[in-house]
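What follows is a group of structures, each given as structure tokens.
You will see two complexes here that share chain A, one where it goes with chain B and one where it goes with chain C.
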Partner chain A sequence: MGSMRILALLAVLLALLIAVPPFLDLSWQNALVNVLIASLFALAFNLLAGQAGLLSFGHAAYFGIGAFAALHLMIAVEDGLAFPTPLLPLAGAAAGFLAGLVAGYFATMRSGVYFALVTLAIAELLHSLAPHLAGTFGGEAGISSMRMPWQGIVFGSMLEVYYLTLGWVMLCGLGLWAYTRTPFGRLTLALRDNEQRVLFLGYDAHRAKVVVFAISAMASGVAGSLLAISNETANYSLFATDVSAQVVLQTFVGGSTVFFGPVIGATLFTLFSFLISDLTRSWVFYQGLIFVLVMLFAPTGIGGILYELVRHRRQLDWSRLAWPALQSILGGLLLAGGIVYLTETAAVLFGQDYAMRRSGAAGALPPYELFGIGWEPAGVLTWLLPAVLLLGGGGLLVAGRRQIDGVRGRRSAPAADAAPLGGTP
Partner chain B sequence: MSPTTNPPALRLAAVSKSFGPIDVLQKLDLDIAPGERHAVIGPNGAGKSTLFNLISGLFAPSSGDIALNGRSIAGLSPHRINRAGLARSFQITNIFHRLSVFENVRIGVLARHRVRYGLFRSVAHMRAVNEESAAVLARVGLEPRADTLAGDLTYSEQRALEIGMTLTTGAEVILLDEPTAGMSREETAQAAELIRSVTAGKTLLMVEHDMSVVFSLCDRVSVLVYGSILATDTPERISANRAVQEAYLGEETS
Partner chain C sequence: MHRLAFLAAASAVALAAPAQAEPLKIGIIESLSGAQTSTGRLYANAVEYGVDQINKAGGFNGEPVQVTEYDNAGGAPEAADKFRQAVADGVDIIFQGASSAIAGQLTEDVRKHNIRNAGHEVMFINLGGEAMELTGEKCQFYHFRFTTTAPMRVNALVNAMKADGDLGTKVYSINQNYSWGQDMQKAVEAAADTGGYEVVGEVLHDVNKIQDFAPFVARIKAAAPDTVFTGNWSNDLLLLMKATGDAGLDVTFATAFLDQPGNIANAGKTAIGHYIANNYDNAASDGKFAEDYKAATGHYPIFVEGHSAFALAQLKQALDTLDFGGGEIDVTKIALALEDSTYDSPVGPSSVRKADHQTIRPVVVSKVVENPKYPADDTDMGFQTVKVVPGEDAIYPVQDSCQMKRPGE
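This part shows the complex of A and B:
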């Protein structure tokens, strides 16, 4: 694919991101702000995880530090400091970079599991310390501030915050992309492949890893500061393990081997939680399930699959692939339906409400309502339906995949390494 | 360029290395003149790999000194020793598997051009670096494979790439660790020819099991047995040396 076509695609995407939000309601604007922030955070994380091969389990630390740094600057601006509001994320960048230098110096002394554990420990340390440091992190309640107007821009509406966020995310995303084309960006990939050889080619591998870590932490800090600007508040829960875990899940579901893969994962998961979390309390379970399935059946992530499809689009026999592909998608949807049905049924039957109704009915199994329909717990249809969905969907999916493999000549799928982050730019 | 009064390209003086109670190398002395091609042979476990790891900086010697062109390098980290002018290859192929062949070489060339940590220029626009990388690939015969992923090369191509990467940083002293290990007779002959051409004018120290390569390539040979140098001489005199025959050659040559 020509780089012109990619640029055109990005231009269209940017035009949509600029033009559409004014027509959306407040909650959607807010959701898009969160999508942008999560995207930048995931890109920053993937610089370390995907490109340098250093899997950090504590990136919440630098995200959180960026958020607090921006809030402290906002408080200073409230107190009269003349600092342009649009440049607030610089505080997050600086704080993230410095924290990354220090933490990275120690964490990158080790690699693999030990690196992951040190990063996890650093984030946990902050998470447990922050509630006790009232001056810096505002205790358990956290700290709050207000966005101050600047040069006639009030920064009162969510839309203004959205455009500010969009600008910074575009700037940092572009910067991170340009990074991959510099000598240091190529060195980063070499570090992932073979740190020892890098050392024997005359590079101080440890120093290089510290710099990669600090740059990743800097961009994470910008993402954190954008969240602080949007929420006007932050507390110690920003350092929590689930913040660190979210960015790992998003990055790997999106695809860590393709530059824009993490953006796909971040967008998907953020919108997923925005749309689904109101509907069901099991949404975290679904999110985990998606992660496990992607890791099992598409380890290069969604971005990796898309990249392979685009790369091989001329070799693929679409006329013969279309039908099995449709069949697989239908099978997957039926399967997903069955899983959702069973999960939600379990949530009802083992829930507290139902336990109370059962004790009210002297241990019998009263009927319940789900998806707007009444169900008998012991009814044949209640259990026949998921069985049909699971078996039928699974069968269609397996048969469809087999046909696809047949058309593609049962060639084993090319490994993740063929992705652009590995090739010559 | 260097008169004979110059210090040896590489000098080992009473170098010892022990891992805990085990003495792997004992009071090793070795001088390698600039431009010399020197082979180290010896049975498995004699300490050849440890010797290379000491010289290239993976380990520090327990005692003794190692000097490169008269300057001590003992105990320096590998990247400093590389910058001082010594490069090594590895017995087990040690390349960047998920980068292209071209990019494997370019990482080393970038180091030589001192843009190691360049963050504000596009590497695609560095003409001198890219031309030099292509030239290195041409020298090791991998130019047609420039865009292939290094992990997809054949074994002997990977060995050639390994040698190419060793050349990139512009070092004058080259250490090659069993460059022909695992190759067929034909591939071995090709590799020996390649080594001869690419190390012309440089100082070469190599661990090599294949005696035909040693004979065709090297000026002098050192025999390492149980952590000590048994003898250092020309290949012909080494093969005639009774002590060497008993210790090593008698068992291995056929």
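This part shows the complex of A and C:
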């Protein structure tokens, strides 16, 4: 796919992102702000993980540092410092960059597992230190401030925050993309593929890695500062491991081998938590299940699959693939339905409310309601339905996959790391 | 909550010209997934119970009160996110309890929201955030604290244990090193004169990270106190008590969270004879509320459920004085009515102190005994009431740092 076409696609997406939000309600605007922030964070993380091949387990550190830096600047603005509100993320960028330089200098001395552990340790260090440094991090309650008006813009409404976020995410996202196309960006890839060769070419690999680390930390800092602007507070929980883990999940589900893959993962997971987290308490389980399934059956992530499809669109026999693909999708949906049904049934049957009703019914199994329908716990239908869903869905999926493999002539999938960064010149 | 259905309903309401009576909307922003789920769930249960009671009596403003649960996953940033979601859903009153840090986040969010959206205020009823700053530096008109704080618990413990002759003259303070533990330590120091004791040692330790309390127990032993005050909760309390038991040290513990579900079962006989000060205990009441609660939910109220349900009952009293005639709900008026309300809870009256919106409330001091009226954790142990300290005796002065701006000022 030519880079012009990618740019055209991005332009359409940008137009939608600018035009649609005013018509959305407050909760969707807020969800989109979160999507944008998560996307930028995942892109920044992937610069290190996907492109430089350095898997960091502690990127929450730079995200959090960016948030606190922006917040301290916001407090100064609140106290009368003349600084334009839209430029607040610069504080996050600067703090993230500096922290990245220092942390990166030590972390990149090692690679692989040892690198991951050093980054994890640095994030944990901040996480346990922050609550005790009340002056900088505000104890466990954190620090808070308020967005100040600038040039007639009040920054009170979610929509204003959204556009501010959109601007910065676009700027940084495109900046990161442009970076991959510079000679140094190419060197980053070379560091991942063959560090020895980089050394022989006369480059200082350690210095290069530090710079990549710092740039990744800088963009993470911007993402963190955008969160600080949106939330107007930050506390030490930003340094927690689950923040670091979340970005890893999002990036790998989205696809770390394709430049914009992490955006897919970030969007998916953020919207998933927005739409599902208040519907069911099992949402974290589903999220984990999605991650495991993607890693097992599509290690290149969703972005990787899409990229493969687009790349081979002319070689693929779409008319013969359409039916088995549809069949597989249907099978997948049935399977998902079966899993959701069983999970939610288990949640009801082992839940507190049901235990109470059981004690009220003298140990018998009273009927319960799920998905707006009444069920009998010992009823045939109650257990026949998930069995049919699981077996039928599984059968359809396996059959569909077999047909797809038949059509594609059992051609082995191209090696994952051969896929370039969306748009070869 | 089906968002699509909600959107459809919202647009239908917007299109239909004469709107129906506006229901009062309550949002529970609680830790419903993650490490603090068990506590978060209890707060949510109690709020749901309280709302059911309001609705059984006819709801408010001609409509049943609506209640929605939002999962903050135990984190302040997620809570901020869910607060915005709640605002988008039109929530009027927010309830939360399972963390001071999250309470701090929410009270700030509420304050900013109300500055920016005058006429569409939201109020926050804090059921469990005990950090002093919530009614100090961060105090504000739309935040109400319906629980005790460290000085109230310590004052009540000192008061009751002294009367019981169990306090002694040497006291040790061991607490977690964050705002709550620091507040406890300060409260123990401050009560030394009235309690007639000397603080023979103080220690602040890491929160929920210590696996072996033996070194701390050795320090306690060296100081030879009569009573050890601790605000520790979860593992920090359990492991501390076990280590003390293993060392064969004979001290009385004065605690704040010994009634957390599972503590008594885990601590076993080591727990016997130790004290706790909390908002409510079934044994301290006539038992009517406990039975009602059990009839509705299947179990006696435990841990934070009792006092959280009372907060709703007090809110109900405030709502009963108001009539918006089915029209728009004015949260400021609800807040003003709540300020004036006094609720006769099963353990005594509770009222709101206008200067900082801390409730003046009774504190129950109990002792762990064998074969109590209400056994804890399916054991043969439980709490026996030593004394119910009335609100006036447990309360502390308003903090100087509280500069509350009242509506219209």
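As a working rule, the second predicted complex is superposed on the first by the 421 of 425 C-alpha atoms of A that agree within 3 Å, B and C clash if a C-alpha of one lies under 4 Å from a C-alpha of the other, contacts with A are read in each partner's own complex, and residues count from 1 in each chain.
Just so we're on the same page, a residue touches a chain if its C-beta (ideal position, glycine included) is under 8 Å from a C-beta of that chain, and two chains touch if they have at least 3 such contacts.
Fair warning: this is a prediction, and the values are worked out from it, not measured in the lab.
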### Task
For A:Phe200, decide between first (touching chain B), second (touching chain C), both and neither.
first
### Task
Based on the superposed arrangement, let me know which partner A:Glu160 touches: chain B (first), chain C (second), both, or neither?
neither
### Message
Can you give me the overlap between the chain B contact set and the chain C contact set on chain A?
### Response
none
### Query
Of all residues in chain B, which touch chain A in the complex?
56, 77-79, 82-83, 87-88, 90, 94-100, 102-103, 106-108, 110-112, 115-124, 126, 129, 146-147, 149, 151, 165, 168-169
### Residues of chain C defined as touching chain A within the complex
1-3, 7, 10, 32-33, 41, 45, 68-71, 73, 75-77, 80-81, 84-85, 87-89, 100-101, 104-105, 108-109, 112, 115-116, 131, 133, 177-179, 206-207, 209, 297-299
### In the complex, chain A residues that touch chain B
178-179, 181-187, 189-190, 192-194, 196-205, 207-208, 211, 417-418, 422-425
## Note on the structure
The chain A residues in contact with chain C across the complex are 25-27, 30, 34, 128, 131-132, 139-142, 144, 146, 156, 158, 227, 231-235, 237-238, 240, 242, 275, 277-279, 281, 283-284, 352, 355-357, 359-360
